[in-house]
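What follows is a pair of complexes built around chain A, which joins chain B in one and chain C in the other.
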Partner chain A sequence: MITLISSDKRKFHVLEEVANQSLTIRDVIEDRRGRRRADRIILVTNINSKIPEKVIVYWLRHFLMPEEIAHASMSHKKAEKLKKWEAKFFDTDIDTLNDLILAADSLDIPSLFDGACEKVSDILKNRSAEEVGEISKIENEFTHEEEEEEIPSENAWVWRNEFA
Partner chain B sequence: MTTNIDDLIDDILLCVISFLPPKDAARTSILCRRWRYLYGRCPSIAFDQRNFGGDGEFRTKIFLNIISSTLLFYKGESLEQFKLVFNANATYKLSKCPTYFDSFLRTAREKNVRSICLEMSYASSTVLHDKTNKPNTEDEYCLPSYIFKCASLQRLILKDCTLGTIGTPSLQNLAVLHLIRVEGSKQSIQELITNCISLRELAVEGCPLLAKLQISLLKLETLSVRCCHQMKSLRISAPNLFSLNFEADLFNKLDFNLLKPEELRCVRLCLCQQKEYINGIFFELPKPPSSLTRAKEFTKFAMELQNTKNLSLASSSFEDFAIEELLQFAPLQLHNVKHLSLKGWIGSRKAILGVSILLALMPSIESLILEFTENTTEKPQDSTVTDEEPIDFPSIDCLNYTLKRITLRKFVGDEAELILLKHILQHAAFLDEVCIGWGKEKHVNLEDINELKNSKSIKIIDE
Partner chain C sequence: MEGGEGAEGSSTFGRNWEELARDALILIFLKLGTMEVLRAAGSVCRSWRKVATEEPVLWRKINMIDEIYGPYGDVVFDPFLVIDPVKSARLAIDRSGGQLEEFAAAYFVNDDLLRYLCDRTNALKKLVLISNTNLSAEAISETAKRQPLLEEIEILEGPFSKKLTEIVGTACPRLKSFKLNNTFYDDEEAVILNDDEALGIAKTMHQLRHLELIGNRLTNEGLTAILDGCPHLETLDISSCFDVKMDDDMDARCARLKTVRSDYLSDSDGFDNDYGCEFDPAFFDVGDRDDW
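Now for the complex of A and B:
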């Protein structure tokens, strides 16, 4: 058993085999092998407790079939099921997704990272710059000239409507 | 505490941007100062002509110009991915503007590209090869040889491309190579494969002209060879092979040679004849050569599969396996096969015999999946199974203790299927579970199958 502690001091107990899906955790455990029990506690900083919960759920789902995923030998039905499950899993608000991306990045879980990135890009897809700015809470600080002339000339094709 | 998207570091944002379609990705540059130059560093450049409407000369040229300016203004250190998909039915063929193409590939190479994916799909994706749809080979654009000298390349996926002269490839770091409907001189494909010494994953599909292939790669783990109908000789020497997917005309004098793959654990074989493929399953009755030659071919094949645990066989009809000589080949027993999956038509006593023979050959099966397909053979089915003369099925006593689980797919419960099911149930004493997925029709109620009703210990899952 391994204990993960989130930044708001909540504890999560996970089987070592399950947590091994995080390459970071696997390395840490490998380094500490043979030492005291206290060393099986891992702090996951700058992540609030909602995220470890989600990450662990993700781990458990993937733990059941790691080899099959790696070698693409999964049956069609199973792959379909997993796809559906992932779609549901990633169907949350953009803030949670950002947190998930951060967590996946620091814990080094490539499939989770890619999945979350893809979902965020799905949310930003097919929207105007204003909408994207609103969703991502980014303030437009360009001057009028920049916005009207300079930037559109850089990638001219993007602003034409013919490539819908 | 929540994370705003703007709090993420550049590298992560670049990953998010690389998932966006090119137009949306480029538009992120107007969001704010920080994002303005992010797009220029996005490590993935992927364009699909189908999303750019129109395929006339004018549109195609604009499309090509957009790609070349995107490539030119790329500011990152190394390019992760460069992907191009061209419209299948474009009226303006790309072969008319080879210079664009050459410059793309040259620029990509200068940017130390890691993954190149080129798709020039002519045929629809379900039919794996159909020459009538292809333009004359003279019009086709041949890939320049220098992309085969790109040392940074790790992944190369080519669909519907034509290889020109490839010189001496030097792709030391290439780990993944997919050649799908690739044409070229006979030696070029072989040369390419031989020289990629670090390959881990190789797929050769729909190269109908390929007659001989020798694969000798130390690191190879995954191999898929499909739809190469002229294949006369395939020699594989890959000690670390893990997964093999091979579909070919097995009984058509194929010289198949697989050298000691000790790791091989996952095999998918498809016995098939020629021409039409629909989702990889083949529907046509084989022109039967004498059963003894077939038995020998199968033996040769089986000898190579001694370490295999999962075996799946698909055939137009199980009659293919009704070769009683198989039982006499002692070394043929595949003791390591634990999970067997069979797919094909069953509707005659001969087909049932075929299945029984296969089962008798694999004495350690724990789970068995039977998928029944419709009769697609040329033989009309006038007579029902009951009219035929009974054949003695070989004993499958060996399954007594091991078989735990049977899964039936597209089960309709006609006579032939029931005979087979009863035959298996009679012998499998320690069966735990029977899982039934019904087909379109349903000729029988589960309660009517005595063998299932009598044994209380079997769990029946009715899907």
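Now for the complex of A and C:
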């Protein structure tokens, strides 16, 4: 059993085999093997407590079928079920997704990283720059001129010139 | 890191999207696709734009078909779409920093744009040109000559030229997949041409694995030449090639291929009926006649 401590000082006890899904944690455990018990405590800075909860849920779901995922030998039905579960898991607000990406990045969990990025791109798809800015709460810091030079736009329907 | 007070306090981390890990942003942009990044995501803020403009890996595959034109190449009217496609394509090519590997576009490609592309990269592996009426056969030949690494070429409703396939085949020895498809059967030029294209393929594209010649006017002679000239051929699609007769002899020649698609109909085609297609009488069986 190892203990993860989030940035807001909450503790999470996880089975080592489960936490091993994070390549970062696996390396840390490997490094500290055979040492004192206190070394089984891992500080997960820069992640607030809401995220470890989600990450651990994700780990547990994937822990149930690790070999099958690795060998891509999952039955169709199981794969479908996992896909459904993942869709539900990632169906959350964009800030949580952002946190998940950051967590997956620092803890090195490739499948979680991929899944969260995919969901974010789904959310941002088919939106204008302003909408994307609104969703991701980024303020538009460009001056009008800067924007003009970037986007090769013509204030007319694209094909007007072609067929005129 | 200021330790947050419990779960209810807004987190001190992760609210800042601009700081999002570079790898994550690259992955998100890749999943969004070329046009989305050009049109919107790449101009949301400075750090996002920095990633969009300074990461050639994002622009290795430029696909301007699905994003603008929908999955079937039909022009989708998009209220956001006030983008000049040629300028966008040039911008995307610029950003690829010479690493462009795939270029796919429909309708708007002209000779100038292909020249622009060739001036900036020579590592192209895949080229897809759909219904580009402003394009000349010379421009395609020229592109092939300047992109010797090309492995896949797809041209739908492209310009005609007797020598095109031969020039392309000679210029691109690595060509594994070649598609030269047409849907206008009664095109005057297409009628005049017969086996020229097929013979050009047979003469030069010896490494070919996949070939599509939909709506081509080749004959059995041309097809025989292709089968002899392309020993590695695995899949062949000659749908709507009405001058090819798939007789027993031709069937035998094609037997070594994995898949052959042809809509030539004959008695020996495996359909044991007069309908020319797989007809299952049970499908039309309305059950007990007494019900009527």
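As a convention for this text, the second predicted complex is superposed on the first by the 149 of 164 C-alpha atoms of A that agree within 3 Å, B and C clash if a C-alpha of one lies under 4 Å from a C-alpha of the other, contacts with A are read in each partner's own complex, and residues count from 1 in each chain.
Everything that follows uses one rule, which is that a contact is a pair of C-beta atoms (placed from the backbone, for glycine too) under 8 Å apart; a residue touches a chain by one contact, two chains touch by 3 or more.
Model, not experiment: these values are computed from the prediction.
Q: Clash or fit: how do chain B and chain C relate after the overlay on chain A?
A: They clash.
Q: Check whether A:Ile101 is in contact with chain B, with chain C, with both or with neither, and answer first, second, both or neither.
A: Both partners, chain B and chain C.
Q: In the superposed arrangement, does A:Cys117 touch chain B (first), chain C (second), both or neither?
A: both
Q: Thinking of the overlay built on chain A, is A:Lys125 touched by chain B (first), by chain C (second), by both, or by neither?
A: In the superposed model, A:Lys125 contacts both chain B and chain C.
Q: With both complexes overlaid on chain A, does A:Leu15 touch chain B (first), chain C (second), both or neither?
A: The answer is neither, since A:Leu15 touches no partner chain.
Q: Per the definitions at the top, what is the overlap between the chain A residues touching chain B and those touching chain C?
A: Residues common to the chain A contacts of chain C and of chain B are 7, 48, 95, 98-99, 101-102, 105, 113-114, 117-118, 120-121, 124-127, 129, 132-133, 136-142, 147, 151, 154-155, 157-159, 162, listed in rising order.
Q: If we count contacts the way the header does, which residues on chain C are in touch with chain A in the complex?
A: 1, 3-7, 9, 11-15, 17-18, 20-21, 23-24, 27-29, 31-32, 36, 38-46, 48-49, 75, 80-85, 87-88, 90-91, 108
Q: Contact residues on chain A for chain C in the complex?
A: Its residues touching chain C are 7-10, 45-51, 95, 98-99, 101-102, 105, 113-114, 116-118, 120-121, 124-129, 131-133, 136-142, 147, 150-159, 162.
Q: Would you mind writing out the residues of chain A in touch with chain B in their complex?
A: 7, 48, 71-73, 94-96, 98-99, 101-102, 105, 113-114, 117-118, 120-122, 124-127, 129, 132-133, 135-142, 147, 151, 154-155, 157-159, 162-164
Q: What does chain B use to touch chain A in their complex?
A: So the residues of chain B touching chain A come out as 1-8, 12, 15-21, 23-24, 26-33, 35-36, 39, 51-53, 62, 66, 69, 73, 221-222, 242-243, 266, 310.
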